[in-house]
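Quick notes on the structure that follows.
Just so it is clear, A, B, C and D label the chains in written order, and each chain counts residues from 1 on its own.
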Amino acid sequence: MAEWIVRQLPALVILMPFTAAPLAYLLGAKFGRPIALVSALLSQPLALLLAIRVSRVGTLRYEVGGWGGPLGIDLVVDGVAAVMVLVTTVVGLFVTVYALGYFGDRERYRFFWPLWLFLWGSLLALFLSGDIFNLYVCLELVSMSAVALVGLTLSREALVAAMRYMLAAILGSLFYLLGVALIYGAFGSVDMQTLREVIRGDTTGQAALALMTVGLVLKTALFPLHFWLPPAHSNAPSPVSAVLSALVVKGSFYILVRLWVDVAQTAAFPGASTVLGVLGATAIFWGSIQALRQERLKMLVAYSTVAQIGYLFLMFPLVTGGGPAAADAWTGGVFHAVSHALAKSAMFLAAGTVLARFGHDRIEGLGGLSRRAPATAMTFGLAGVTMMGLPPSGGFVAKWQMIRASIESGQWWWAVVVVAGGLLAAAYVFKVLGPFFGREPEAMDEADLDPGPSPWTMEGAALALALGSLVLGVLGQPLLDLIMVSAPALVAGVTP
Amino acid sequence: MTWETTALVGAVGAPFLTAVLIFALGEHRDAARSRINLAGAALTVVAVVAAAVAARAGAPDAYPSAGIALLDIGFSLRADMLGALFAVVAGVLWLITTVYAIGYMSRASDRARFFGFFSVCVGSAIGIALSANLLTFFVFYEVLTLATYPLVIHSGTPAALKGGRTYLTYALPAGGALAAGVVWLNLIAGPVEFAAGGSLDPALASTHPGALIAIFALLILGVGVKAALFPLHGWLPAAMVAPAPVSSLLHAVAVVKAGVFGIARIVLEVYGPLGHELGVTQVLAALAGFTIIFGSVRALAQDDFKKRLAFSTVAQLSYITLGVALASPIAIAGGIAHLAHHAAMKITMFFTAGAVSEEVKAYRVSEFDGLGRRMPLTMTAFSLAAIGIVGVPPVAGFTSKWLLGVGSIDAGSGWVIAVLGISSVLNAAYFFPIIHRAWFRTPKPEWAHGPAAGKPEGDMRMIVPLVMTAAIGLAMGLLAGVALSPASWAQTVAAWEFPW
Amino acid sequence: MVTILPVWMALAAALVPLLVAAGCALPSTRIFARRALPFAALPALAAAALVPEGSVTISWLMTGVLVDLDATGRVFLALSALVWTAAALYAPPRASSRPTWFAGWFALSMAGNLALCCVTDPAAFYTFFAMMALSTYALVSSGGDRSAGRAYMVFTVVGEAFLVCGLFIAGAAALGVDPGPVLGPVGIGLVLAAFGIKIGAVGLHGWMPVTYAAAPAAVAAALAGSMSKAGVLGLVRFLPAGQEAGVAFGPVVIAFGLAAAFYGAAVGVTQTRPKVVLAYSSISQFGLITVALGVGLAEPVAWLLAVAAATAYSVHHGLAKAALFIGEDIARRARSPRPILLGLALPSLALAGAPLTSGAVAKLVLKEATGLAPGPWHDALEMLLPLAAVGTTLLMARFLYLVATRRAPATAGSTVDAPTPRGVAAWLLLLAAVAVTLWFWPETGIRYAAEKSLTAHYLWVASWPVLAGIVAAAVAWTAGNATSRFAGVLPPSDVYAPALAWADRLVERRDKAVRVMSSAPAPAVSPAEERGRSLLEYAGALETGLLAWATAASALGALAVLLLLLAMRG
Amino acid sequence: MSQTDLYTLAGSTLFVIGLYGLMTRPHLLHKVLALNISSAGVFFVLVGIARRIPGTTPDPLPHAMVLTGIVVTVSSTAFALALAKRIFTETGTAALDASDVDVEEDAGG
């Protein structure tokens, strides 16, 4: 039995939410909540076991239904996939716990549970996909469930934001699919392992890569294609915002990294990596400046996501040269994705607590929050530490690696960007923290609306995520090691 | 785990644990919080003293250590003699400050937040003291940066928020520079552990001279802000909006000393002789010398009592920087000893500022006329500390100045003598008028006959600590020759720091 | 001598006044401490007599204190103990509106002065020197003259700074560090300047006349009789004794000493207040001691003799000057000053160096030392020193004249307390000391000089300058209007007077400025913040544009084209 | 020019036409349809690729992909239309532009 579970782990991990999702739909709101919680809890040991297994034996391959390629679907779990599964599962658990308190058992939100479980499963499937067409399908699954979740409140703003998001998402997927078609046409395979051997840096290959990149960049909301993200992320219900910012954008980014670093490797063209790096750097500055401008907490957090996504893209110019710099950039980039997932979900959840309690999220109306909701203020502060990339936090470890890679590869200017970005992050984090620690607003009519403390599960879940992002900064070494397990040849320093 | 490592980990962990408990207790359970805080502080004192004992026993190369893997260096703690000195200073003064703060904050709001972050700050300071390498140092350094912010803006007034912004505007970019410097250094030199006499390979001076100079600049830029080195000092006076216990322990001891302690670690235990070879320590010494004069001149013009103290701190911190930057074990001992000496004296002065503002609502030097009659114990303690800072023996300030002065000649840097001389005159020029006003000017009528009959001159929870710290400052100078005094301890340390 | 007394006992005895100071701080022991004050210096006096020669390092105390009661230190300890005892006895209980306050600082200052005589290492000497000098501020300012107090403090602080810097160099040298060709002389210069301030060397004397004038008599007596002697002791201790390093400084020091001797006399005779005249006399007399030390510097072989001369002269001058200050105050308080004038004549004559007085002995010792001066200085000193004695005689005549002719205070309401019997006893004690001390001095060199001074030749040598001075004084007195034009032509502290006045105005102005500043309103939003805000607004407008579908889609297209172009090129 | 190339070219053209529509037409229905045109273009390319080696049996895999793609597109189009309709009921318009980037005051509900 134990051995069977270990062998089936990749499938079981995905099946857990995918099984729970229809159940939650069919059994209605009353049962959706416990089903989601049970699924979330059961997922934890599975994901953890999977990670441990990968760290012990390296890449796992799993042929769904025993079909095998090229028609069947293969699941492939290497270090980075295991890490992404793990972070999705952990964030998923806390978001679920939070959502229990946030949505209560209101009928209006009964679709949250199946949609959320569905999104969860889709994300895991995406991370474990072994071929680029299956990735397209997963990408669409993720997008559709995410769009539905954004529109969940059915308010005007949310619907419009969802629409915007949807159009962007479909367009992005189409770009990607076009690239897949070209790749298949040129190299005759969609399996990434095969492609790795046969892909060449010829015009078709690069054109295909370029199209896929454009689509994925759009779906990852890299500047200047971030137009859909702030409205979608800020208008969604907070647990959804948390998942969108923490995990969903990472999905498309994950594919991009896979393509560039794992599949294309030397076939990737250096000019484009510089373009991506420059856009990433611009995103860091632009997102932070826009965040600084916001007067609403959730908008600020959403723009912070725009900025933080920028860091992920600094990975591209840093890995292209290979060598130790590539390894550092690789671990740094993935680690940033992980720690940002924890911290950003914590921030959105904290913002959600505020919104749910006070009925608004105007920053200037939240003066003295640390007095009224100390745990929430603390959550925001701790998550802010990761945003700023200060130690001890996962963000710091990530930035450390990025700065290291910059200097190592002789591209010190990216180090300047990383440091400056941290400072800008500090500017918007403290724009919020200042009032939180400050005095109550003069006109305290908000206080009259204060229905009292939020459920401890909400505050606790958010705080746990924030603390998690900090713990990563001290105890993150195992995770760093896991990222390097069966890492792509380009970053592992092995000639393919 | 041996008792040595237990003490080491406990010294850093106890304040953090205290913080967690305080946060968990919430705002309204004052008695329990005070008990926990005092117990935590007492435990910390025991732990740091034990760690110091262990350090002394293991000196100079068998220090107890503990750590975990992180990045390319590792996150590790080590109880060495230099660190133990700072840790003991921070731990002991924390205990005293806790008593003071309980008195000072008894009518303030947000006490849980205050005491919680306060404990975090102390834990970070001790962590900084006991860090075994630059990565660990940096981690605690930044925690300290952040945990200080809520304390600076504690009152929540717009002025406080502005002070907090100024603080961050200086502190955060510095952190970035420090991070860049540490990463770069690790790339060039491999994992850098602190080691007496410098840990860099001397060959690096010829292979990477430019990079080493740039890294030194980055590192000093990073720690120089907390060390209030000119021109990075601007935040310190602005941060004086903080409550008195914060100014006392953090802006006179933990935070600012973390900066100069960092300089000491970088100059002595990372660069070592390379610093002199590359010429960077000479530049640092010159900058410190300038800061000493600059801070003192600025202090002259301040009427706001705390601001005057703050500028005095700016100047005094550079004594420490200057000492460690000079190529003489005597000067290094002077710098290191001043770390402890200035702590005791300046904390007394800030305690005074708090006690005076709470008791008689006097915030400006010009309001101090005759204060000595109204608060004799307080002003005696203050005067003692002030003459110590000026460098009048037998208070501790003289001891460090003496070692610095003699050491500067030993190091062949005679110009330092002029700096010390001018600084002494300036120190006198800004402190003696305060003493003069307090004791020699005609008091307000209601002050002329001392505190109200049968009443103490203020909250004893505030008066007793400041008398104690003043006594400590005096004792550290008077008994400088005793083997366990900071000055002797520093001389022992300095002998290893300067073996070449 | 009792030899079982350990050497550190000397320091312990010298620090007994600290107990009195501590006693003054506690309410319960206040009265007792005040009563004990006059006896606080007696243990030190006993120690000077009983503690054997030798030295011991107290390593746990400060940076290691070297207690060393050598012959010179012993003399200064005895002198200081005597003068302080007399001053404490004289210090009227109502000397200040805050008697305990006064007594406490008095004791602290006394402790510092006594203790510095027993230690020879730079740090410890500096410690006690600073303790003495800074505590004295409280005593000086208890006279109520804030301006004088400020002058004293400024000079003291600057002096302390010079001293500590000079002692850094001395301290380093003590550790075997060669200060080098630049710092070595700088160190000597700093030591000279620091102690020069204390002894009122020309150019550094600005504090002395105003301070002596402002201080209560007992304090002035202690200052002139004992504390400024600490400056002499400091020079003896920290100048490069008999070393080449100091040779170049010799002539400069001699020149400064001579200048002081004449400058003090010249400016002093124009003064209108007796205490100021005494202060200038001090400046002049210290000039003579300086000359002796200068000779010792210039001629290393003469160093020991120079030290002996400086020591003997210090004893002579210290006792005489203390007696003069106290006598002056008694005269002021007495119903009629005339009988007191008789008493004042003795120290006055002694200072002038009249035969049969201690002055004659001291001057002879001085002459022995200056006789060793190199080449041209030797002759110059032969000629000039007697002239200085003429000047001193004139000064003393001026002093006695001023005391004798002083009118009672103009305001009827302000009565001065009559001198207490205890005070008068203290004065008589001092007079007796002036009369006998140098004659019964145990040291052979002094005893030899004392005997020699009684030979006919030296009686004449000692007499003629005094006689010349008296004649000159008589001429001036009879000239009346012709000379009275010069009275008061120079203010106390002469060339420093404008600077002191300027400092007073500065402080006044600062106080006013502070009052204005503290009522000024806080500044509004800074221009930098304003700029930052408008930049953010601009960024917001740009972002609205980016969020539009058309822009976004164009950007998408542009990116696609760009990447594809890059692909084609690759 | 081979058959595959022709298909690829035509498909790409369709894709760009769809993209242009999405870019310029504010009406939601237009946008959804534009996306459909684009996806048709992609499918064109895929179908063409199936015959990329002339004279052999067409590769079934691209066909499977197109089928999957059509399923995905159909469902997402349905979803998009439902969303558009809902937006029309809520706001009274079915157009989308910069002005609609708005933040909801009360999203928590």
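Heads up, the rule we're going with is that a contact is a pair of C-beta atoms (placed from the backbone, for glycine too) under 8 Å apart; a residue touches a chain by one contact, two chains touch by 3 or more.
Since we're looking at a predicted model, the values are computed, not measured.
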Original post:
Looking at mean CA positions, which chain is nearest the middle of everything shown?
Top reply: B
Original post:
What is the chain whose Cα centre is as far as it gets from that of chain A?
Top reply: C
Original post:
Cα centroid separation between chain A and chain C, in whole Å?
Top reply: 77
Original post:
Roughly how many whole angstrom separate the Cα centroids of chain A and chain B?
Top reply: 42
Original post:
Could you state the distance in Å from the CA-based centre of chain B to that of chain C?
Top reply: 36
**OP:** Averaging only over C-alpha atoms, locate the centres of chain B and chain D and give their separation in whole Å.
**Re:** 65
**OP:** Mark out which residues of chain B touch at least two other chains, giving numbers and ranges.
**Re:** none
Original post:
Touching two or more other chains, which residues of chain A qualify?
Top reply: 171, 227, 230-231
Original post:
Which residues does chain C have that touch at least 2 chains other than itself?
Top reply: 547-549, 556
**OP:** Give every touching pair of chains, nothing left out.
**Re:** A-B, A-C, A-D, B-C, C-D
Subject >> Residues of chain A touching chain D in the complex >> reply: 70-71, 102, 106, 108, 133, 136-137, 140, 143-144, 147-148, 151, 153-164, 166-167, 170-171, 173-174, 177-178, 180-182, 184-185, 190, 227, 230-231, 234-238, 296, 298-299, 352, 355-356, 359-360
Original post:
Tell me, which parts of chain D touch chain A in their complex?
Top reply: 4, 8, 11-12, 15, 18-19, 22, 28, 31-32, 35, 38-39, 41-42, 45-46, 48-49, 52, 61-62, 64-65, 68-69, 72, 75-76, 79-80, 83-84, 86-87, 90-91, 96, 100-109
Original post:
Can you list the residues on chain B that touch chain A in the complex?
Top reply: 23, 26-27, 68-72, 75, 109-110, 112-113, 138-139, 142-143, 145-146, 149-150, 153-154, 156-157, 160-161, 164-165, 168, 172-173, 175-177, 179-180, 183-184, 186-187
Original post:
For chain C, which residues are in contact with chain B within the complex?
Top reply: 25, 58-64, 123, 126-127, 130-131, 134, 138, 141, 149, 153, 157-158, 160-162, 164-165, 167-169, 171-172, 175, 177, 179-180, 182-183, 186, 511, 514-515, 517-518, 522
**OP:** Note which residues of chain C are touching chain A in the complex, please.
**Re:** 536-537, 539-540, 543, 546-549, 551-552, 555-556, 559-560, 562-564, 566-570
